[in-house]
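Chains here go by letter, A, B, C, D, E, F, G and H, matching the order in which they are written, and residues are numbered from 1 within each.
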């Protein structure tokens, strides 16, 4: 290749196929994440190990893993948590969790986004509370969970198709609410445009959104919101150790 | 103009600016309607009078009237019902009503479409039942009207912005359900595309749609469905004379 | 996965990869359906059997099956009707049929949607009458079937490319009419947008639509309309037992 | 303005606001046309007079005139034909007409495009035969005119909304067929995209299209096709003097 | 109009043209807001007065006011704050402010959205800190304000055209960050689509968005986030009384 | 499948997977064509043979063949012309050719569309003259062929990317001109939308278009135009037997 | 307004409605420009005067002026050049010009963009050479100017509708070439999308583009390119004093 | 195939599947390039060898090579430079380089476009300086390279997702700047539309763009700009032999 070589950068691990930012946590308080789309299993394993070596005390997250990459991680990252539904892997101890994020979805089709969001919340040091059986076509179940949702410091509403869930939730609770439109649909939905437009046009004031299927982005933001709010309120014992969920 | 003259057509009233189909009711059972968009008040008044003269025994509907056209109709069509909210006029006696159509909307912004739909239902010989205070952001009111809605032979759900109402209604009742997406919105909604996509991607099975803001089309279809269904069921006295609503 | 377990829900069969609503028929009168897109043959067979066990007296429908899923259903669901054209399977006895739905299409390319619609109509307890040789490019055949179509309680017009069929039909009959735009085309048709726009812009008043290729949604709605209308009219003997078709 | 002056071009009338090509007819056989959109009445009158002075023996066409421009042309171009429906003006004697172009449309809403097309056909030296009462929602009238349409050398089908007319015509006649999609619609039609997509996705083979509302372009092409074909066939006397139409 | 009258709803002030929810603050803790788009000055003044009468102790906000409506509010709402740049009016005492929201924009074109957002933040009980001279084309000014922005509990980045500001900010601070794309542009920007796509595709993790130009929605969400976070941290005296800004 | 059987149609060969219209040539003068997209080699061979048996005296065209279908046709249709570039097959003797169609393209990328168009022209009984080395980036070659192109009765300009060729040709010749936009491109061209928009926005008056890549549709129309024009003009001997090209 | 006051910035003239960057020329070598869209005549005059006072020795450019703003500038900026076609004003002496920019367009419709570009080139210190009678529909004129265009240091090709001009020019000259797509069109061109897509899909390698109608942006870039190139080549005397153009 | 044979063209190598322009370098000064998309390895090798034989003294570039084509080139083009990241091959000696082009990108995802651009710059006779560790989310690194970037004769900014890099660069340097939007994204980015819109809506004046992922087009234009500028300035020795980079 004709490119000129870049000078060595301190705090960067140059793996050839990627340059990892080892000082990010020190600068921003949030860890570096391995985005796995389009990467081989070998590249992902190498990246995760390099970050783990630099920060053995905190969890390293790898997202959007292919089936092959999931197998590689399972085989070569002993001790890592492998989540084939969320297509992700986590290596290293979870940080202490502060603040509660309700991750809400209607059903099983949105589970990959739900898992990605919940794992991100945890790696970014807040506690996820996942509630997935509450679609608007069966309102009684959603209403039955309203109190549990209202108790969170932030709510992530994952919704595909016509994405009515964020609007209904926005009428039920006053907690900061992030809608994740998904590309799930049973027909012509323009790869999630229908859900996306619904989220930004919600009749409930104050609904925030991220990109289609971006459970990671929603998780990062929700964890930040929840962590900041958590210092303001005494947490019940059950939530602290996670037993009640 | 260089065009050659068309031969005289029987059953057609040629007004120069429009050709009215006088035999339509005989052929299809449904009356001719004056679509007023882009027409002057004078043209609309002339059209309504020509149809009224041919069919003095049934209501003539004119839709999508400009403010000037509404004033012209008010001044020159004595006895006509003028509805400035629905931007429409009706001249002549309503037909006998058979079957009940619930026309449901969240609030006041969608009222023009609601009025157009309800007036169409009536002119096409079914009885409208308008319910407008039931947005998804205040679920308790919508749930309080579920029984009333379920009693109809057809439901028209008028909804703008993210259009969550048809999905929520579709989970509550099993009646044939027509969604009318509207161009109402508080921001970037692509002139109703957001509502339209939401309607055709509803998670509730069997939701039908029409074009954006097309209260007329929904009214025609709903009246046909309700009229056909009405013969199958004894109607309570109150509905027959409309007192209860 | 870091998600907290959801509490047991009564009336729900939790299969791990899906949660089946066993009480839906009791609540809404309509059966639960297995949507097969993106599911393995094993998952579909397990879902159909679970629903069949809960409701041995009524037909269970599985739609959008892959070739592998069709083979699995054929091998492991003895007695099931397997339709490779409609990409669907039905297990269990058909319900008593009330009301007639004409399912109309121009030719062979739209057959998958036609089959999905007709099977749905039957499982949702109305009788389908399929007419597929009637494109607008050969008007004499369509005109020859006008009487048969007008005799139905609801009409479903399946149409791809420029989707002229619903408009022509809407000028011929006054029956409630549902247009299903399809993604069939011989060139640049934006995955069915051309047909979709044609359906919602039909010059015939009262045409209703569903999503592109959504034969299932049209079938659900048409069956509801036809069943309600059927009680109002004496049915000829031939139609009652289905012999004539 | 900082621009450098262009050298004088022979055969060009430089009016300051426009440069007219006086030699076009000699080069291509077709006359120069004044496109009036965005031009003042004064500019249009000046342009037409300049062309008329250069070519007193042939008709000069000005299209897309505003109301003010139409008034200016009426007042200052004595002898000109002014067509407010087609928003055009023609000054000078029509050329001898060869070949017949059927210009077909459903109703009155498309008349501006029909007039523009018919006047263009005539100025480009073919004979238009305008037929405007033949929408697909009333098939009997269209079928009644099939023979008249088939007798033309070229057919222009002007159609808005779902634009089903070209497809139906394409199944009835084998004459070269040009579809003009129009922006006419009763709702959300994307300024004619619905009609445009319908035209290029027609199920009838060989349908040609132009831009939305482009009656002028269709007229130019149709006249060329008809003129070329006309030499091959003896024309009946009635067509030669236009009496029969 | 043929609609049936709705029954009286407690806690609702029915003004004919609108139904005001008087109990909203009690239910959700947030006040009712008058959305002024498409409403007359008279309607807006009446709505604000009705809400003010019900809640004399808290500020009532009216947004998206036309020039006429601004004049009406100025003349008939003595004591109200009228903001012609933000096209809004506020009547009644501001609530006690908790938490700090940085509202950041590049320049003067985005000021209407900035004002709407800042006023909303205040009415929803948080303190806005507006910083508007920090576009990415002049990085030194933005970098000079990084410390001030990082001190907020939430950041709203208002950005039109290519909307690079949220990404640059997201790399500088770890505070929850809401991007408001605006329709401001110097050419073909699809009414804000360019800015919108930029916001949801930001390379900075955790950027949240609202609809184009929706300063109100961003303000509601930011105030909720800031209020919740404020309890967790001792506020300096200067911020409490607003002197330092 | 639950569909009812259609009655036998005379003049139709029902092959199960397709219904062939055997009388089309008698009705319209143009032959039936086998559109091969999505069909197996076996289906295509069977269709071509059935049409060939009904019409042994005229050429049968099959288009859009997959590689497998091309192999099947080569093996099982002895005597057929197989064109792998145009992805088509022709069986049976060509009809007598009347009229000349210039099929013009810039280079090799558009050859599949050029071949499809030229073969269609021939089967529809006109003579194609293919000219493919004339892109606008090398004007001298295009100008060198202007006389040859102007001698045709119709011109088909096949053009991808920015599709400048039809506009340049439209300034050079006055012959009826059909532009075929192609999906050929070196980057983001929206599957041919760039070429399509260029064709319908051509600055040359009278340019006609078909769908993207639709060489077949252009060929049908061009052959009709050329055949009609051919009777009007004595053809030179060389063109009649094709020697000169 | 609730916003906090920003601290005084040195080198900035705060006019209340705008903040002018007085040091820009010192930092980047290019002058500050007043973008007039959406500004009143008073605001524009005030801005131009403030910049002129700070930099009396160099030209100040104001673009996108409304008719009222043009009148204000004419009345209150004595000595300014007012260009109503280009909708711009220039106050102060032009800088010394280095390098030559050919600004090329087909005709009169694109003149506003041509003027804006040429004035920008001059204010940014290069010499424009405007050539506007060279559309692709009349190739001989364009070819006649090829030598003149090739002599420039940069070429700006302004083109609407199908925008074929940049591709044809790209085949004629090897000079850096910037295409400005314009929103000029005679029909459905999506506000310039057709021209824009044509420019970025040009078959000529190395064509650069800016936003639709952005003559200013093209002028800035072309002037930079031409100024840099000008030092490398001896300029003929005629060009130095501008006499030849 | 029915096409008529084209006459032999001098200066063209007709390979059957492609026609190579052997005289291009003589005419325009720039070499012919083999665009490899959709071509087999065999076709590409044959094309490169034919061009190399005609021009043994200058580098031949082949772009957009598939994996198979890369292998073929590696095996059958001894001495060629094979770049699997840039998916390209170069055969023959590089021309003397004049002028410096900075090719700037944020990270590793955009490397294929960066390599394609840098190789093109070199083959088109300018010197590339590649800088890839400078995303806007880590401003300090970008600021640290500002001097190096400002020293170039032209800058190419390669940017995906929200493409903020060109705007930030445009505020830092006054060098001609070409933005290449890329299709790189972590979610719904419409295949690069988000980056494309950002580039043409940049708030920095004078940013030029090419098509999405079109590193080749940007390289051609940048090399032309840099070569022209290079003559005007004495080059430091280090740059002449490339040692410093």
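In the analysis below, a residue touches a chain if its C-beta (ideal position, glycine included) is under 8 Å from a C-beta of that chain, and two chains touch if they have at least 3 such contacts.
Note that the coordinates shown come from a computational prediction; the quantities given were computed from them, not determined experimentally.
Chemist: Over the chains that touch one another, what is the least number of steps taking subunit C to subunit D?
Modeler: Step count on the best path from subunit C to subunit D: 1.
Chemist: Out of A-C, G-H or E-H, find the interface that copies C-D, where copy means more than half of the contact pairs are identical.
Modeler: The C-D interface is reproduced by E-H.
Chemist: Roughly how far is subunit A from subunit D, going centre to centre by Cα mean, in whole Å?
Modeler: Result: the chain centres lie 59 Å from each other.
Chemist: Could you please state the distance in Å, as a whole number, between where the Cα atoms of subunit E are centred and where those of subunit G are centred?
Modeler: Chain centres of subunit E and subunit G, defined by C-alpha means, are spaced 37 Å apart.
Chemist: Roughly how far is subunit A from subunit F, centre to centre by C-alpha average, rounded to an integer in Å?
Modeler: Comparing mean C-alpha positions, subunit F is 53 Å from subunit A.
Chemist: Compute the distance, rounded to whole Å, between the mean C-alpha positions of subunit A and subunit E.
Modeler: About 27 Å separates the centre of subunit A from that of subunit E.
Chemist: List, in ascending order, every residue of subunit C touching at least 2 other chains.
Modeler: Correct list: 138, 186-188, 193, 200-201, 210-211, 214, 216-217.
Chemist: Output every touching chain pair, sorted by label.
Modeler: Inter-chain contacts occur between A-B, A-C, A-E, A-H, B-C, B-D, B-E, C-D, C-F, D-F, D-G, E-G, E-H, F-G, F-H, G-H.
Chemist: Flag every residue of subunit B that touches subunit C in the complex, lowest number first.
Modeler: Touching subunit C: residues 28-30, 33, 153, 174-178, 196, 200-201, 205-211, 214, 216-217, 220-221, 224-225, 228-233 of subunit B.
Chemist: Which of the residues in subunit G end up touching subunit F in this complex?
Modeler: Per the stated touch rule, the residues are 106, 135-139, 143, 161-164, 167-168, 170-172, 185-190, 193-195, 197-204.
Chemist: Where on subunit D does subunit G make contact in their complex?
Modeler: 1-4, 6, 9, 12, 17-19, 21, 35, 37-38, 183, 191-193, 196, 211-214, 216-217
Chemist: So in the complex, which bits of subunit C are touching subunit F?
Modeler: 83, 85-86, 103, 107-109, 114-115, 118-119, 122, 128-133, 138, 141, 186-188, 245
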